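One chain, chain A, appears in both complexes that follow, with chain B as partner in the first and chain C in the second.
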Partner chain A sequence: MPDADRAAAVAPIVVGIGTYNNAGTIAAIARAVRDGLCRDFSVRDSRIVLADGGSTDGTPDLVREALGDAAGRLVQVGYPLHPVDLFDAPYHGLPGRGRALAAILGAARELGAQVCTVLDANAEGLAPGWLAALIRPVLDDAFDFVAPYYARAPHEGALTRSIVYPVFRALYGVRIRQPMAGDFSCSGRLVEHFLGQEGWQDGARAVGVDIWTTTAAVCGGFRLCEVALGARRHETRGDAPDLSMTIVQVVGALFAGAERRAEFWQRVRGSSAVPVFGQPTEAGDGSPIEIGRLIEAFRLGHRELRDVWAAVLPPATGVALNRLAQADRPSFAMDDDLWARIIYDFAIGHRLRVLPADHLLRALTPLYLGWLAAFLEQAGTAGAAAVEERIERLSLAFERQKPYLISRWRWPERFNA
Partner chain B sequence: MWDQVHVIFNRAAGRIVENIANFLPGVVVLLALLVLALVTAVIVRVVLYRLLRGLDFDRWAARSGMAMLIDWSPNRSPALLVARAVQWMILALGLLAGLSALDAAMPSYFAMTVFRYIPNLLAAVIILVLGDLLARFLARSVLISAVNMQIQVARVLSVGVKWLVLIMAGTMALEQVGLGRQILLLAFGILFGGIVLAMALAVGLGSKDAVSRTLDRQLRGTADHRTDDIDHV
Partner chain C sequence: MTIAGSARDAHWYKDAIIYELHVKAFFDGNNDGIGDFAGLLQKLDYLQELGVTCLWLLPFFPSPLRDDGYDIADYRNVHPGYGTLEDFRTFLKAAHDRGMQVVIELVVNHTSDQHAWFQRARKAPPGSPEREFYVWSDSDQRYRDARTIFVDAERSNWTWDPDAHAYYWHRFFSHQPDLNYDNPAVLAEIEKVMDFWLDMGVDGFRLDAVPYLVEREGTNCENLPETHEVIRRIRAHIDGRYGGRMLLAEANQPPSDVRAYFGDGDECHMAFHFPLMPRIFMALHLEDRSPITDIMARTPDLPDSCQWALFLRNHDELTLEMMTDEERDYMYLAYSADPQARLNVGIRRRLAPLMGNSRRRIELLTSLLFSFPGTPIIYYGDEIGMGDNVYLGDRNGVRTPMQWTGDRNAGFSRAHPARLYSPVVMDPVNGYQAVNVEAQEGDPASLLHWMKNMISLRKLFRVLGRGSIEFLQPANGKVLPYLRRDGDDIILCVANLSRFTQPAELDLSALNGYVPVEMLGYTEFPPIGTLPYFLTLGPYAFYWFELQRARR
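And now, the complex of A and B:
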């Protein structure tokens, strides 16, 4: 960090943004941050930390330009990008995100921040009010971790709704609807806690660093809450990974975290809600999805990948999937307990290295599309309340099936029997 | 005259006895080496089998996709196959060592030739095993990727890739042991070239309508709202 900033290193509020070639969105984000800080806080008491991985499209210059008079509050830090970071495009769009986050948190600690808010550089339509909503619970109500609660159309965030949220809730006992969000706030003491952990900035873990931070906050006994932020939009990048790669990264990070925290979650029973600030809003229905194509994708997967699925799924599940593959569209419905057991079996298969992780998680894609088809068939045109109720039933099924996971986790010889 | 015959017979008998006397120690050494090899082979087989069972080698082989190993194994136990293979290898080495101990030109030459051939044989076995593993890995990778791309002929592509790799591995193994080198390389070249040419013709001529429709569908994108355009996370 530059000496000038170190000399004035008292900034209760730090807003951090990790960037790598985000010229399309960063100017709007920087303006929203500047406006949010001016409107609700004192710019003098805040710093904007830009962790850039070596952008070649002028991203840092665009930030300075957009901040205008507030550019003096900008602290620019770099983070190293390794060739392997650029090999597979990450689902969140920021290569080396673990190291970027480490740089932001390190700068926040040096600045003595009471609250550090991290924003996703790919977000579009970031309202200035978001910043205050993310910061206030930490400053005013002494929460340590603030997660966003987005308003989403029924088909958006389906991977989070079908797998990440129910599994996170069942394992760790906390109902955080977006445990892998790129936007969050954390207190100074949680920053210290993150920086005190080892090995999360690099390697395969760094792709799923967002779930790591939420999990570390839960397992560390910190106070968590959610804040309603309205609809979420992201820039569609040309280098975004396809669905199967997204599943490999997202679900792989979730399963890897479960392996590391097995001692913790095996003692957790049930789940509890966290305080929600603000009023959750409804998102629109979004563009229509062709459910028939999702069902066909599931049927193709069932026809060709049965042998691969048989490596992790017990025969009873195979029979249930046979029945589902033969069901016609009106009766195409995946039972919640069946889906929970499928995900848990894949988690155990991931742990036991039954197949290479890449193959195992890619093979989950047709099953996920089948679940999505069944979900949209039932809840696609219903309102937000009906969707929320549907997800609640699914999450309870995951909690109900947790003993199934624990018994297979502890006694692997029973796996696939 | 009878004295001369007697002398000749004595000389011949003496030579025979001398030859037998020269040969016998080699035979004794051969028998001793065989017995030692037999005892060693049995002990190693028992110890190795128990060790592999303790390491759960059978389950690891099943998970690693070493189906070839399982299919060829007695009682479908790769551990037993490996243990017996090592046993017979020790016996074979013992026999060869014993033959080389004989002070006879042909058996010694045979033994040395076989000893020199063993590295090629081992290399061929390793190539076959690795080739089988690689073939199954790539086949599964192609199958899963093709299914996720919603290609209907995913299974055909997967089987094609698997057999291509297996044929390449088999060719390399046979070349390693020096069997039919020229014919093998020629046959492989013709086969591989023929496959590539057939695929090029099929795509270029026979499937141009299907390829055109597939490309058009992929390029159209927004109207179909592909699943990849949704924010799944």
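And now, the complex of A and C:
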């Protein structure tokens, strides 16, 4: 697009949705987007970018229909979907999400967007005020990156709470609760920055593109904030991966990012909060989890995977895990510093390619279930404030153990080489 | 089709870790006893795992191999022993795919006497453009002020050619006639040769023997203004057509003369710091930092886009040309008790034997290589402490097959041992059965793992490649402390050149309040105050500290 046209074609607000066969949820989302834009902004200044990977269930038509009068504001772009994308179901449900995001960001640049908000097509219950909440901090307060802060019940989002958040916070020094959320807003400046980086749309990294965007925003020195959005439910699809696969994808993306950004995070000390817009709320209790089964899964993993663990975990950790495997339920507790060191040792094992990444990360699953059991056992019926406090203590342990990670990262022990 | 250079950052060479290797010596892919591109391709994973970011290949062009390929007979092809042009392209792409840059050797001063240009010149009538590709004379008395470089092999820089009925000029071996850069057609041809490789995607050239391009009566024929003009034109030619490519000058000259090869940032991007290298060895043996601090004090600043290339050992002898007679005598006594190790004006040995196989000394010198301002170059095999063989003649003793395993032919080739281009090193200390990649990969305490860690650590700190250097002068001369700075990044390096434990009192009062964090183990040391900062260093120990501001 020539520069003159670009200046003329200003659409300050771009809302992007990546889709692939999302007929089940997309109409509600499209209506919520239309209503949100109508309510809080001028629809004339907005475009809705639909990046569709070639849906066969009529997703784009449903969007057009749902938008009604606003369908004229729809910009549909395609993104290439490779057969391999469909083979490995990603945890976020959108195959080829990296390329979908690239298509949305590219369109946002072409449209001269001041703010580009990306929404997850799998999520349900997009409340009317959310869109404005995600957009306003960029337009009104010159933030570059707006991350959502969803309320979650104590046992929900445990993978984020127990690994992603504390590791991200300890490494990059920024307290973003959900650094791999599928919804976020970014400024035009940040859109340019994202598009200027290479190698994130394709390959293994594409699965973890959500954490990639947050990391790129932090490492690029951009202004970040969070918005509290209440509870949001994600549709569980029939092809959603199991827990092990989710760990492979989520933790794998986190670790791969750490490898690429070592130069940055090894200079970061401590952490600081980012501004939060809105009031974080409590989510309901959600469905209960059978703690006994988690402990059993940990014990089974301990029996079967001890030798794999020994390839990355030092002997002292091995001894502590042996002790835990023998503990009965009332005394089943995992020390925060021990958990932090376990995650860090897996990160180092991942970096040194001690085992194929998939095998290594799958072996983390029972350890994670053990941690979750201990966490739920302790959290019990505690309220959200107590859970918050618990996560804060855990995060401080990850920060405290960061020198452990750095020293071994730089000078691996290779005790089982 | 022109393929773009592989680097995104135009100054990529400033953060590079260069690995120098000879295709012939690295790995034999077709089992004919000679290393080749197919073999090198198989070993790229090893190099990537090692962590090096740039490969510098010694000459691989068709050649009669009377000077190990520095006698080029055809600039646009690959020596059949090493493979084909297609093999080269495959290798280049694979290296780029792994994020590695590739720098090749270009001998621009001379060709082989077998090159078509020379064969044509000697038969062409005097004064004709073909004849004028080289430097001819009816007498061997011109340019008498130019020294002879290969004193052990050549008596004069002129050799009589019976076909041409004239003498031709050569600064090196008599089978390597010098090109005549007073003839514009020569530069035009050389530029075409460069385009040939740059179009393929090659990331840079090492320009061999660059001070000798032009001759003038009454001078020593080195570093002449006319030579610099040729280099400027080469650079302008490349900059006009390509991005992200690099020229590395081989100019074995005093620092002030080498400085000229950077020009105003309009000649070479990089040049070797030849005078520093032997003085590092000298300081180590003297257990005294002054040879290093003296030469660094005489090292001029460079234009922003330029960078020193640093090395401990390379494919040549440890050259002592840039030393005084007395310094040279010291070096011979210190490092070549066996006269067989001496060659020309230097010592033909690898790093490990020069260090008496002392792991601590190897590590200390490598720490200096990695923490001095410039881009470090590792010579193949030195990452495992490979040995040499001073009885192989010329510099062949440091160009023996890479030692991959303890198997036959050091795992370099499956050919009959008699077919190898060179015998493998077999001595009981540094030979392939004691020193090889396979064994060291399985040994967590090996030099190879140590090197991997150091390379990876150095890559985390751009300040080590790009920052300024400032030497501290504690009373104990056996200790070498220096500060490296780049913006907010400050690193304190302290090296003990002695074989015994040493104390050091450092005046760091200007850095009052900073906390030194030892970089290898991320260990916090006591904060710096106004009193002298006291350190104790074990034998040949070195410390790197990142200086962090105290936490509030």
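Just so we're on the same page, the second predicted complex is superposed on the first by the 403 of 417 C-alpha atoms of A that agree within 3 Å, B and C clash if a C-alpha of one lies under 4 Å from a C-alpha of the other, contacts with A are read in each partner's own complex, and residues count from 1 in each chain.
Quick note on the criterion: contacts are C-beta pairs under 8 Å (C-beta built on N, C-alpha and C of every residue); 3 or more make two chains touch, one makes a residue touch a chain.
What you are looking at is a predicted structure, and each value in this text was computed from that prediction instead of being measured.
Asks: After superposition on the shared chain, which partner residues are touched by A:294: those of chain B (first), chain C (second), both, or neither?
Replies: A:294: touches chain B, not chain C.
Asks: With the two structures laid over each other on chain A, which partner does A:411 touch: chain B (first), chain C (second), both, or neither?
Replies: Touch status of A:411: second partner only.
Asks: Touching A:157 in the superposition: chain B (first), chain C (second), both, neither?
Replies: first
Asks: Once the structures are superposed on A, label A:180 by its partner contacts, choosing first (chain B), second (chain C), both or neither.
Replies: The first partner, chain B, only.
Asks: Taking the superposition as given, does A:388 touch the first partner, chain B, the second, chain C, both, or neither?
Replies: Neither partner.
Asks: Which partner does A:354 reach: the first (chain B), the second (chain C), both, or neither?
Replies: It touches chain B, and chain C stays clear.
Asks: Using the superposition on chain A described above, determine whether A:304 touches chain B (first), chain C (second), both, or neither.
Replies: The first partner, chain B, only.
Asks: For A:244, using the defined touch cut-off, is the partner it touches chain B, chain C, both, or neither? Pick first, second, both or neither.
Replies: first
Asks: Comparing chain C with chain B, which touches more residues belonging to chain A?
Replies: Greater contact footprint in residues on chain A: B.
Asks: Under the touch definition given earlier, write down the residues of chain A that touch chain B in their complex.
Replies: Chain A residues touching chain B: 91-92, 155-160, 164, 180, 232, 234, 236, 240, 242-244, 246-247, 250, 287-290, 293-294, 296-297, 300-301, 304-305, 308, 311, 353-356, 358-359, 362-363, 365-366, 369, 372.
Asks: Would you tell me which residues of chain A are touching chain C in their complex?
Replies: Interface residues on chain A, with respect to chain C: 198, 262-263, 266, 269-270, 403, 406-407, 410-415, 417.
Asks: What residues of chain C sit close enough to touch chain A in their complex?
Replies: Residues 8, 442-444, 449, 453, 456-457, 459-462, 519-524, 548, 551 of chain C touch chain A in their complex.
Asks: For chain B, which residues count as touching chain A in their complex?
Replies: Listed in rising order, the residues of chain B that touch chain A are 63, 137, 140-141, 143-145, 147-148, 150, 152, 154-155, 224-225, 227-233.
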